[in-house]
Each structure stands twice: as C-alpha cells, then as structure tokens.
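I'd like to ask some things about the structure below.
Chain lettering (A, B, C and D) follows the sequence in which the chains are written, and residue indices restart at 1 in each chain.
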Amino acid sequence: MIPTISSSLYFRGTYAVYVGLFFIFLITPLTVVGIFAFNDSMFPSMPWNGGTLAWFLNETEPQLGLFHDEDLLESIGVSFVVACFTTIASLVLATCNAFLFEREQFPGKNLLYILMLTPLVIPGVILGVSILAFSSTIANWAEMQFDYDLEFLRPGITLVVLGQFAFITTIATLVISARLRKFDSSLEEAAMNLGATRIAAVMTVTLPDLKPALIGAGIVCFLMSFENFNTTLMLVGSDAPLTIAMFDRLKEGSTPVLNAVSLLLMVASGVLALISVFFQSEKPGS
Amino acid sequence: MPENSNVTFDLECRQVTKSFGDFTAVDQVSFQIPTGSFFSILGPSGCGKTTLLRMLAGFQHPDKGEILIKGKSVLGTPPNRRPVNMVFQHLALFPTMSVTGNIAYGLKRRNVKREEIRTRVADVLKRVDLPDAGDKRIDQLSGGQKQRIAIARCLVLKPDVLLLDEPLGALDLKLREQMKVELKLLQETFGTTFIYITHDQSEALVMSDQVAVMNQGRFEQVGTPQELYYHPETSFVAGFVGDSNRWEGHIDAIEGERIQIKTVEGESFVGRSIVKHQLKKGDSVEVYVRPESVNIENPKNRSDLPNQCRGEVISVLFDGARSQFLIRLPQTEGEISVAMPQTGEHAQLRKGDSINIAWAADQCLCFRRSSGNHDG
Amino acid sequence: MRRSFKKLFIAMLAVALVAVVSPVEAETLRLLTWGGYAPKEVIEQFEKETGIEVKMTKSNNEDMISKLKATGGSGFDLAQPSQDRITSAQADFDIYKPIDLSKIDASQIIPSMLAATKKNTSLDGKVYGVPHVWGTSGLVVNRKMAGQIKDYVDLCGPGLTGKVTYRLKRPTLIGFAFSMGEDPFAAYSDKAKYEMILDKVEKKLIDCKPNVKAYWSGGDAMLNLMRSGEAVAAMAWDAGGWKLNKDMADITFVAPKSGALGWIDTFALPRKTKAEEAAYKWINFVMRPEIAGKITSSAGNFTAAKGGDQYVADKLKAQFQESFPPADVDNIKWYPPVPPGLEEIEGKVLDRVKAAQ
Amino acid sequence: MDKSSYTRFSLWILLLPFVLWLLLLILLPHVDMVSISLRERVSARNYTFSFKNYTEFFIEPLYWRTFVRTAWMSVLATLITLLIAFPVSYYIAKMMRGRLKALLFILCLIPFWVSELVRTYGWMILLRETGLLSTFLQWIGLSDQPVEMLYNDVAIMIGLVYTSMLFMVVPLVTTLDSLDDSLIEAGYDLGGSNWNVLTEIIIPHAMPGIVSGCIVVFMLSLGNYLTPILLGGKDSLWFTEQIFTQFITRFNWEQGSAFGILLLILSSLIVWAGLKLSRQSFTNVMS
C-alpha cells in the first residue's frame, strides 16, 4: 500500500476515485456559496437568474450590496478589532507559556500543563457561559460593594476578547512550544557566552528562530478569533462581530449578501494562507 | 602537579565539586592552566567533563570549590560577564544571522562601535582564513568552515580562556584529522589558552600541551601526552589512553620493582609496579600490555625478554598502520592483541599459524584492582 | 523579513490601540429594539435634528431581558420590551430604571394606551414603560392553498404535513390555549390550572409537529418561508401578513376565531442607560404623528401616537379593516403582565415540544 | 547575581501571567458556574442552595434524551469522520510525493480558512428544498417535486462530519507521515498481507494521531451549536442548544450552568474513556 509495493490497477484506481470524491465533497459547499454571491435573486437558492454584482455594489434596499451595507461593514470592523487584540494577547501569553513549559522546571509542572490544555476539551459554549457568569458575579459584587460598575466585565468587546483569548492561547502555545522544543538551547547559551544577558539572548537569538512559528500561530489565532461563534455568542454586547451578525441574518433567511461576505472572507483567508505558507517555507537567515 | 609560583595561571580550579542529587558529577577537581597553553580534558562520556566545562563557562554553579580566572574568582559572575568563551559541541552558530552577524554578535553586546566591529570582524575572518565568508549564510558553509567561524566568533572577543566542547565530534574522519592540526595552529597563532574536552584520545594527544584524564568526576592523571601514554599512573589511564591487553590476576612474588603475576587464567607474567601503588604479595591486580609493545619473535633468534608465550593466530585484523594479530594462548585459551610491525616483517602470517611472542617487564604494567571496574 | 513581521505586529497593535483610544464620536443612543421599529429614514432625521447618533440592535423579548440581565442593565440606552414582560423581569433582575413621566410629552400619546401601559408596567409604585407600537398575533394564511384555516388549532389539520410554521415561544402556547377553548389569562394567578391548560396545549403541539416546516424565530424567516411557498400557513404577527399581502394577494393576516393576541411594545430605560436625555428625546421624537406614521409603514404595525394613522398609507388601513372586522377588534386578547414563575413552566413545555419526535 | 535566584526570578515572571490566565479565565469561571448551578430561585432576587437544577435534569426525560442523543450523535460523527479521513490521510501521507502531496494537504485545510458559519451556509444552499441538489434531482428526473433534504439527522451528520474533517486529517497525516516507509516494506517482506500490515503496523503507529483527532472531533461535535441549529431545524435537539436556551431565552442561568457542568462532566468522561481504551496519555496526544 505504498508506491514501492505493487498493487492492482483496479485498487489504485478505486482509491484515487475515492480521494477525488472526498475533495469534491470538501470543495462543493464553498464553491456553491461563492457562486451564489452572483445570483440575481433575492434568495441564495435556485433558480439561477443570471449573474450580477449587485450583492457587492448595489446601493439601495432591497438588493443592498455588501459595500453599502453599513451593519455588515461595521461588524467586519468589530471582528477585525477583536481579532487583533486576541491575536496579540494570545501570542504574548503563548510565548511566555512556551518558555515556561519548555524551559523551566518547577513542582506541579505536569498538572499545570494539563490544565493549560484543558480549554481544548471544554466546549466553546461552556467556556463562554462560564466567563459570562464569572464576570457578572464580579461586576455585580463590585457594584454592591463600591457602587461602581466595572463596565468591561459586562458583555461587550472586552469580554469577547477575553473569552476567545482563553482558548486561543492554548492553541498558540502548542504551536510555539513545538517550535521551541526543536530549538537548540545551546544557541541561547552561546549568546550568553558571547556576552548577552539572558533577555538579550532570547530577543536576539531565540525569538528570531521562533519567528515562523509566531507568524503561523498569529495567523491561526487571527482566523480562529475571526471565525469564532460559540464563545462569542455568549459574550457579545451591543457591537456584534461578523459571525454573530451573519448568524442573525441567516436565521431569518437572508439575501445573497451573505454569500458576498462569505466570498470576501474566503478570499481574505486565502491571502492569509498564502502569507503563512510563504513565511513557513522561508529559509532561515535570509 | 608541581607548584610553580612563577608561572601565571589563566585558569585555576580548587576542589570544585558538583552533584546532581545523589550523583556526583565533578568530585573535588583541582588544576591550574598556564597562560597560552592547550589543555585537554579526556574522559569517557558521562565522566563529568562537560559539567566541569559548563561550570567554567558559568552555566552551572559548583556546590563547593573555587574557580579563578587570571587569579580572580568568577563564581559570582554570570556567564555573559565571564572572560571565557566557548565553542559548543554542535557549534551553536546562529542560523538566523550571517557569518558577520555571528562574529559581530559578542562585540555588539559590548556596545563596540560599528566601525570597529567591522574592522575586527574582517580581521578575524582573515586570520581564520575565510576573508570572503562574511555575507554567507550559516547553512552555506562546509563543516570545517563552520568550525572556524565558531572559533572566530569567540576569539574576536579576545577571551582569557577559550573552552571547546568536543567541537570535532560531528565531523567525518578525514576532516577531523585535518581540523586537529588546524586547531593546534590556530591556538598557537592566537596564543589564547584553550581548554578542550573530548572523549577521543587521539584528539587530546595530538593537540594538547597538557591532558587531564577524567573518570567518574575525578582527575585520574594530569600530564603531557607522552607521560600519559608511557607512564600511566592508574589502571584507568592505562586502559583508556592507547590500546591495551588486560588481564586480572594476583601477585605471586615481588623482587624490587619486578613483580611476578599469576593471571586468573593461569598465565605467569613478569611486570613492573607503579611506585605509588605499593603492592604486596597476594594483592589482586590488573595487568596491562600494549599491543605495540609485544614483539613477535623470530623462532631462530629468540630474545631474552622475561615474558615469553607461544600462540596461534586466530585472526588478522588488517587496518593499515593500526593492523593487529589476534593470538590465542593455547595453555589458557586467553587472547592477546599484537600490533603488526610496519616493517613488512611477519606480513605473511595467516590464521592458524603459530608464533612466539614476547615483551619486556617494563611494558607490563600492574595496578591494584580498583573496586569500580571498567572495561578498558 | 524580520522587519516585515515587526511591521505587521506593530500595525496590528496600532489598529487595536486606535480602536481603544478613539473616543466615542458624538453622543450615541444605543437602541435595543425590534426590526422595523427604527427605520433608517427616521434615524437619519433624528440624527440630523439632534446630532445624536443612533445605533440599533435588533432583538426580541427574551433576548432583551437576557442581554440586560447579563449586562446588569448597561450596554444599551433604550429598550423596547412588550408591556407584559417588564415587571417580572424587573422584579427578578433589576434591569430597568423608572420612567420620568414628566419628560414624556404625554399629549402625543393615545391616553387610554398610556394609562393601560402605565398600569401594567408599574412595580412598587414606579412606572417602567411607555407604549410605542402595538399589534396582534394571529394567523398568516395562504388563502388559495390553506383557506380552511380559521383558528390556531386548524394549523394542525390534515393535509398540511410540513407546510405550516410558527414560533416556539409563549404566544403560541397562549394562542393554542384560547383556540382550544381555555382562558390562560384567567389562569395566570392559578398555577395549577395554568399547568393543566399547558399540558393540553403541549399534547396538541406535539401531535402537530409533523405539520411544522420549521419553527421560525425572526420575522424575516417566516416571511421567506411563506413567500417561497415552503409554508402555506403560519402563526405570526399581523404586520408580517400585511407585508406579504402587498406582494402576494393570496396571503394575508387572519384574526383567529378565538381572538387575536394583542401586544404593546414599550419604551423602557435600562438601569444603567448612559444617554437618558437622548432616550427621552428619541421617545418624544418618534411619537410625533408624522414619524409614527413612518414607523407604522416600516414595521407594519400601528403606534400609540395620537393621530399617527393619518400618515399611514390607505393600503395598510384597508388591510387592517379586512383582517379585523369590528367584532374581531373587540375580541382581541390583550396580554396581562406575566406573573413571575410562569415562564419557567412554559419553558419546560416548549422544551418538551421541541424535543418530541 | 546568584544564578539560582536569577532563574527563580524568570520562573515567576513566566508563571505569573499563565497562572492569572488559568485562574481568571478557566478555573474560577467554572467554579463560579458550579456555585451558580447549585442555586435555586425562591422569589425575586432571593436564592437558596439546592440541587434542584441537577435533579431536574434527571427527572425530566427530555433533558436526558437530548443529552444521550447529543453524545451518541457526536460519537457517531467522530467514527464516520475517522472512517472517511483515514484512507484520505493515508493517501496523502504515503501514496503522494513532493508538490502534489503538499498541494493536497493544503487543499484539506481549506475549509478551516472559512468560518464554520459559511461552511454550514454552503450546505444549507445545497440541501434546502429550493436548493441545488433538489433542483438537480428534479432536472435529471429522479424526483418530480422539490425534495427537502435539510432539517433531519442526516443533514446534521453531514454538517458535523464536514466541519470536523480537517481536525481528523491533520493529525492523521502528521503521524502517518512520520511512519518510515521501510517499516511497511518490512511488513510485506516478512510475508504480511495488506490487512496484517494495516492492523499491525500502520494503525498502531497512527494511534496517537487517531486518538487526538477523535478527541478534537468529538469535542467539536459535542460543543457544536451552529450545525445542529441551522441544518437540524425543528428537530435539532442538541445539548448545547439547551444551554443557550436556558441562558438566553429563559434567562435561567442556574439551570443553564447545571447543564453546562453536566456537559463538561460527560465530555471529560468520554474523553477519559477513549484515552483509557486506546492507552494514550492526554498530554502526549494533545501536544
């Protein structure tokens, strides 16, 4: 079952067809979403009424195009801001975590490591709900005690960022740790031996080496934040990120403007994917 | 080691000890290294030599003892302030920087001016004979070139002592031979004190002014390569430095320096005792005979060496200059390796031939059996 | 390459910082309201007149309460819950602020509705709601394909498999109860009785399930289902029926025999509103007759504004009269305030209906 | 400066943010959720300690049923995903070489680059009564009226499998890739059949990947909300939906918290059982 072991043509053929079908399965829904962004109809469904760019460009209701749909545009903005914050916070903490678990020795390390991994097995809904409950508990308590409203602990952008930060950090930590584990720590010693302080050694030698992992993790964080729904839904306030805005419309059975947004997202993600591939394959030292 | 207050020491260790839990990695090691010498620490893996080196560099802290560089204690000095630099086992060249970046790294940390960095880097590159390598990436260099850059990176900082942690280990045999010579020459031109650790006796013997043989955390013997080879003071040194045949046995009789030994297998040898061992009759001993000190006797012209045996060639191990015969001693079924003389004499010997061998009592070294055995 | 990475990181940091530091531009009024209650046109006019920016979040009764509960009454400056849902939520969660009636221009509001709302939204002597839009829930029927439907229970009739849609919310329970000959409002104060009624309704709804195409949750979903013909009858708001009627004459709103359910959506101030003055300004603004007319056109429902209906298109009035002959208007069942505790019982019934297969 | 105090210092600096994160965002919220779930409303703004929210779960068959159904469907989705993904992963890891391999692998990642909402939306467009498949079936004459393929368990299953495919393929390809070809060759060389080689060499080697893929897919399915809601319609009946309902439409945080805790316990139990059965360790599998 590897190329060097001969197998019947029939077997190989069937296998290839199976894999082909799999990829058709993978691509179809996305293609369909993209294509229907250009359907000149009020519904994202058959029949095909001819191509149009109205769902991107039209300025008036009912066929309001994406680029004039202020609500959607604003929600894209919200998602973008949330994703930026989440990415930065997660990357910083994940880098610390990677150093903590790969470099330091301390009692209880294994337990803490397992706890670090737990967000992977906490459903996003529950994470969102628990953070919502806890933050309201604190905020309510603060209001009772000091008659002061800790507004950032109420549903809103800050809480959304915190909620996403809670589980995205774990994923970023795994990505960065994997790279740090491969890092030859004698490089850091060499730097110190050549006169660098420990911090300078980390900044000048270790971090540049981690760069591809940091960029990869950053892109993953950004996308995960941008796409997150379950955790966000529980924590959202008056500013709805894109996924929430889209969900609200989807429940109502929206116009193909959603296809337009989706297509835009796919294109943007594709560009990010290319960037990440480019950075990953980059030769060290150039 | 003789005390000599006239000589200045670049590095001095006093009773340095380091334990990890129950395991004592370095056990009361003391030594002094005169300025400008090439000092090697030779020992099997796990003997504590790397720990010792890392304590010198400052990556580990001794439990007890004192480390002095140019007469000043460096125990409180963190690694980045110590006037020593280190060439790492796998060189640890920074892959994210160019050759120039690597060499300039230490200078930048000292806030040397940009202009000066440039001239000093160019200068050191010239001295290691790679004047045009500055813009290259690390992965564009050959193994030997990397070696030289790693050394240049340290020497450009003009350290008091350069530490080398088996840097030749990763190289293939040919290149290693070549680099040995090159390292020695580099050390001579720069005049910096080198401390070189290795498990490869040939590296240590070829390059060093002084070699310390280390075993189980202790220095067994410190001396010139010749002293170690010809006058090992412990059974470990005898077994570790150079090749040896080894037997166990006990002492039958003592006549001054001459002693009569009976091996476990039943052979009788005449050997020489090392003065400091003070052996008595009946003591258990180990006996070492180097293959190259065994004569193959011409049956017509026997020598009068005290140790004479007759045996059968059971194998010819041809390895160029290091070729040996493996000979079985028929009375006891014991085996002995004998070096093949390079003169071409005896080259006709084949498996199954019987020959006479002999060696001098001086070449047959006896040591009291140590409790911790090893397979020298 | 390293530099470009740094640039990217710094750019992101900058975006993030700008987002934080940039002050909320002008004064904003954050509305938590129903779809259609704040049409673009009205918002634009209000912004022009007052310079206050309006930010609208579409919501529904449950969502409003749950959002305000989570925020402890902050995050929004003005909410629009139905009048019957205010007091119990206020009692439990303390999420509203009493209305300062002196700041409301009462002369713009139909006095009977104002009085009724005041009464129904009072708690401990404080008033929490002012009426805005009112309307009814009833049936939206495609007369050509399901003309036989006259009452809620008819939705469960034969020949309609997979063809009807309604919400899985409390109005459905109440509506079905009435059409099954019960009076749930009368049983509000008698928990045991109420539970008994709901048991019956639950059975009915479970039996009815095969007829259901989907449980709609937002008005547009219902409209789309009816418009595409995937559903032929629905329990829905009158406005939705009239909207459909404009495009497809076969579909219209029908007041059920047992009576349409009448609701009034109000204005209520979240406890930590940050733009109270703006909120009052908004209330007085939208209750102006000509603005109220615009809202009616957009939402499809009439408002409590005095004289607002003069500005309403005749078409809508005609539709209203067609759906509500005078007898049916009298037959409208207006929601009394929900006593606490009932919603929990209802919730379980709804869950069981949802789960039944 | 003393070296040991130096490293102690850096340890604390690194430990502090992590511990804050762990406490404030993971541990304490869950502790708080437990405490909320143990409250019962007596009257307005007045609560007492009680297990009612938990007993409610066991008394009311509907919650039970939803719970069991969610767990069962998630397990099924995990198995189906594994069965579909394994041959594909094997094909990519072992049958392909060079550029084509990289290309196929990236192709597998594509769905990840698009939000779950969009993926589900795509299936809605495909499966709905007025959708592409229905129209296609009518066009080729297999059906004479629109077919509704949305709003049933099959649709949910398709959505779950599609959404989690990537999280199975990636760990599988990674572990299979690390299997030395010569081991497979040796397997055949020593007389093994396809089946022997598969069960005795390939699968044991891929076990960590299989387990980690299964855990992630299972968790994603169990915690999914969008797919069951949007593709399942009136019969979706998913446990996360219950939690949302309790929190959002019933504003009954006490009951919702209890459900949340129960879901957490269930998922931990199943993951734990899976690890025990496959003799893998959580830390190994997840990192």
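By our rule, a contact is a pair of C-beta atoms (placed from the backbone, for glycine too) under 8 Å apart; a residue touches a chain by one contact, two chains touch by 3 or more.
The structure presented is a predicted model; accordingly, all values stated were derived computationally and were not measured.
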Farthest chain (mean CA position) relative to chain D: B
Most centrally placed chain, judged by C-alpha centres: A
Computed distance of Cα centres, chain B from chain A, in Å: 56
Intercentroid distance (Cα basis), chain C paired with chain B, Å: 89
Centroid spacing, where centroids are CA-atom means, of chain A and chain D in whole angstrom: 16
Between chain A and chain C, centroid-to-centroid distance (C-alpha), Å: 35
Two or more partner chains touched - positions in chain D: 6, 130, 247, 253
Shared interface positions of chain C, touching two or more other chains: 2, 228
For chain B, residues that touch 2 or more chains besides their own: 58, 78, 96
Contact footprint of chain D on chain A as seen in their complex: 1-5, 15, 18-19, 22-23, 25-30, 32-33, 36, 43-47, 93, 96-97, 99-100, 104, 106, 110, 112-127, 129-135, 137, 162-163, 165-166, 169, 174, 177-178, 198, 223, 226-227, 229-230, 233-234, 243, 246-247, 250-251, 258-259, 262, 265-266, 269-270, 272-273, 277
Parts of chain D lying in touch with chain C, wherever the complex brings them together: 41, 43-45, 60, 62-63, 65-66, 129-130, 148, 151, 233-235, 237, 242, 245, 247-253
Parts of chain C lying in touch with chain A, wherever the complex brings them together: 1-2, 5, 8-9, 12-13, 15-16, 19, 30, 32, 55, 57-58, 67, 70-72, 74-76, 217-221, 224-225, 228, 272
Sites on chain A touched by chain B in the complex: 184, 186-187, 189-198, 200-201, 204-205, 208-209, 211, 283-286
Touching residues on chain D, where the partner in the complex is chain A: 6-7, 10-11, 14-15, 17-18, 21-22, 25-30, 32-33, 36, 84, 87-88, 90-91, 94-95, 97, 104, 106-119, 121-126, 128, 130-132, 134-135, 162, 165, 181, 184-185, 188, 194, 197-198, 202, 215-216, 219, 222-226, 230, 240, 243-244, 247, 253, 256-257, 260, 263-264, 267-268, 271, 282-283, 286-287
